[in-house]
């Protein structure tokens, strides 16, 4: 049966260590959204996202900022009475949109994540200053200064390294990564 | 599916616990390997060791004996007798050149459909590992030994 | 003579036909088992239906079948049905075999081809076995008309009264000092809101005074032997330290007792009782119980205030545990439920945040005869709440706790909402996942609540905290929940939170089930013989279940089940005797070598040894048919009916399809 | 002397240096050896799981594989690192195919993962392996009267499922009481600080920080104790911005639990990395100062 999988199944397939399609067992009780500390910044509550996924409203789901606002605090996952790993589902949606390159305009999340990943692929470790620019351009000038202020403070307190850290066996490390995905994907 | 070896397993269940555990697995729609075929006894104590031998002689690759948990026997303590017979059986099997891994004893209460399911699956895998039972049929020694009793054959002819 | 075997394969709607090619199996049996005597093989939608049975009866009459094999559900479900069918057609019922291709095939396997093959093997096993079946007559044993009712809640009370009124004796055993169960703790009953005590206590009194009821409270069943018609139960009577023959229930001892104890059973921890006490004024029986663990005399060796003041000298500190033996024909289990321990959901703050209450606590709080005399107040015992949130589905419909619906919480919560509204005028918020009001007058009650202006918020409460963010939240409990109908997270500041805790099986349900030889579901509720058609009987003949013990249900349903269980018991009593499966061992005296191995194997001492003839013999009255001796006899002198060596070996042959092999080797002329 | 493989994680190299220092100092005093994992790489934080799950698992697996070589228990002071390691180990144990696939990749670095090493959070080591009693016995300067808001954050406990412990843990408070401090009733102790949103969703992060600070202030905490570098940076370094945003005047020092434990054991504040923070936890240090007039300790 070569039928095209439903959007719900597509997302479910991206869930790790989940059997079948847990999303379809959602009883829409709202525990997730009730527990969510970020919910008021989301276009749609997590519960609604699940409903929309199950309804196959793919485009509407991808348009929302909901999953990019997920702080991965896992409160929903722990409490869900249907045992759905909601935080994981949010991750799944992030990955889905990153691959398909169809996330909501003006979101910083995706760009940030990419830079972050690049940094690590380059050096094996993360390096704050490299991450900074990504959002400095995305926010207003006031933010820029306050951020700069923070940065300098951190420098003064000796809490920001001058040179980016590197791991020793970087070559192996890169080949290891290459083995998993074509670096082209991110580099 | 494909070409992997599908062992034939005979399971002896007692009427009160393990058979109901199987029923429970059914009503709860739990899924387990279809390789096992059950025979109902009133009590695991009813299990005559020759049943097991005949099962192997007849082409079973594994035999599973099941009964109530020790202390729960509907007939007070007969499952302990099953236990003792099981231990001796294992010894005998080795002497017949049959891997003791082909024989399993399981206690399952009427509420333990899940346990029954898991154990069946585990056992089927275990026997699959061991591969088909190579019973020495040449010379018809053992096969004779465990063939159907004379008087039963008579009835068949009559039939 | 040649056996004529009929094979009948059941579709069970799609239950079997969905996974097994039933037509295929029937065809196969007709063709490949012909040489074994199969003369007809049919498949039919529902073999157990009257039409299905007629089918069998018709064939027996017209084709002169001498054996019948039905491939359908578990023998524990329908063996009787098909045996009766044979009986009606004049065939000895024990010449019929029911093999399970539902519980053992279609429900547990998915691959249709494989399932079909297995079904064939199972059918062939049945055919081989049935050849060796012998015509038998069931053993008839008289039924002891007395019945044991375990549990003195409303379900047990109803059952006991039905039987006693019909003129038969009942032993009622209750663990607590008084009967009445949870219902006695309630104030009002939904949806009619009539006072719980007013409708319950008359029935309790009836039980107490009934000439046909022996009431044993403060007692527990510790052992059960025997079988339907003839059970022997051992009942542990815990010492009351009160001589019930002398006690008049005047209550002076309770007045005089100096020791106050928190009553966490009846008053759910909200009220106090004395060390010698009756749980509540209308208790039945009205004799107090002395709580040894808290009694000053037992702790310090002095006091005995109760004894001094008792006008009839009924206090007896020397009482010991008693073990009472009773003979009964049947048993009704109505042991009820425990409340879900809301501490297991710390996010709701019970025990940490003072003004979070359990549903049972609130029942006591709202009860006119409760610790606050029916005043709904916060823990400080003075403040009346101005806003109350009721949390539904606490511990129910939740895979982390109990995945089932506790079924009473919705209506209970609505009742609470109404009472709060009525008595305090507070704002009431009901946070629910779904409102379930499926019974008579329930939906109307919901409507009434809506009209009363109760706030309904569709959403499972995420957490209850005291973490105020804005001034108006200060000093309040904040209920954080998504209002799923508007898709917004709401923080509702309230004075009081009531957790509608779900129902759970008794903590010792599994042990009790084992004691009475019945089975519980994975959740721990007792399993009925058939979920639709036999809801109060169990797989164990003569043991019935009634009330919540079978699954969450409200008072009307429990009462109905109590009555139903009683009706089933009375039906049996009327039959005067029960037919017992003739599964017995017999010893062929010519073969017996007198080795006496079997004698010590039998746990029922059913095997006696004739010194004179030097042979053993089985006493069929004592033999239970386990067959251990059959398996053990070195001379093969013992055979067990229904499970004879021949039958089992034949079934084995069949399961392994060796009967087909023989076909290839030496075709039997039919 | 008990030994652990120590996985500091990127943050502890610089931005959370004080956590690093205090962790080493305190554990050493308690007779525990932390051997830093050779050539460890970033755990992938949350960002990595946004991009490629498989890759994220591989990164973690590399660290675990290296840890297996040198020890049986790896301890992470950073909650994010801990969560990633803990659950990667869990997933891999459930999914042999994934493990094989990842092992192929690890070959490139001549490593292989077998799942023999246990993963622990630093605070678990203190709470379970060392234990309150042992800790008490090492306290020289109990932080009497210091009101601490013990802040667990998210990923020490979640998404573990054993509810009683996940929803209302006590071990952090117990540690604080053990060193003489007074844990305040801090209902938001398990609420997220928004660390991972700080860059991607600034306003959300600010409001989450605000809620936490508000709750801590309401509980009259002198100091917030954390067990995660992200939480610390978030709650401390951005208090200014939050104040601007919400017109508040929060000034609540945020320190690592190891720093407080260190103080109570009489380790000089400098060695514990004090002095690197924006908001000096003067009160915390004074606590000992006033009670024991330990100037020399302070000025060392």
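Each chain gets a letter, A, B, C and D, in the order it is written, and its residues are counted from 1.
Methods note: contacts are C-beta pairs under 8 Å (C-beta built on N, C-alpha and C of every residue); 3 or more make two chains touch, one makes a residue touch a chain.
Every value quoted in this text rests on a predicted model; they were computed, and no experiment measured them.
By C-beta contact pairs, the most connected chain pair is A-D.
Averaged C-alpha coordinates put the centre of chain B at 31 Å from the centre of chain C.
Rounded to whole angstrom units, the spacing between the C-alpha centres of chain A and chain C is 50. Per-chain Cα centroids separate chain B from chain D by 55 Å. Chain C and chain D have Cα centroids separated by 50 Å.
Shown for chain A are the residues that touch two or more other chains, namely 40, 75. Contact with two or more other chains is made by residues 347, 400 of chain C.
Chains touching one another form the pairs A-C, A-D, B-C, C-D. Residues of chain C that touch chain D in their complex: 343-347, 352, 400, 465-469. Every residue of chain C that touches chain B in the complex is listed here, in rising order: 1-3, 35-37, 74-76, 100, 102-105, 107-111, 114-115, 118, 121-122, 125, 131-132, 510, 513-514, 517-522, 527, 539, 583, 601, 603-604, 624-628, 630-632, 640, 642-643, 645-646, 648-653, 655-656, 658, 662, 668.
On the side of chain C, the complex with chain A involves touching residues 347, 393, 397-400, 433, 458-463, 480-484, 487-489.
Interface residues of chain A, counted against chain D in their complex, comprise 14, 16-17, 37-38, 40-41, 65, 68-69, 71-75, 77-78, 85, 87, 91, 94-95, 98, 107-110, 112-114, 116-117, 120, 124-128, 131, 134-135, 139, 143, 146, 149-150, 153-154, 157-161, 165, 167-169, 172-173, 175-181, 185-186. Interface of chain A with chain C (complex): residues 27-36, 39-40, 44-45, 47-48, 75, 79, 81-83.
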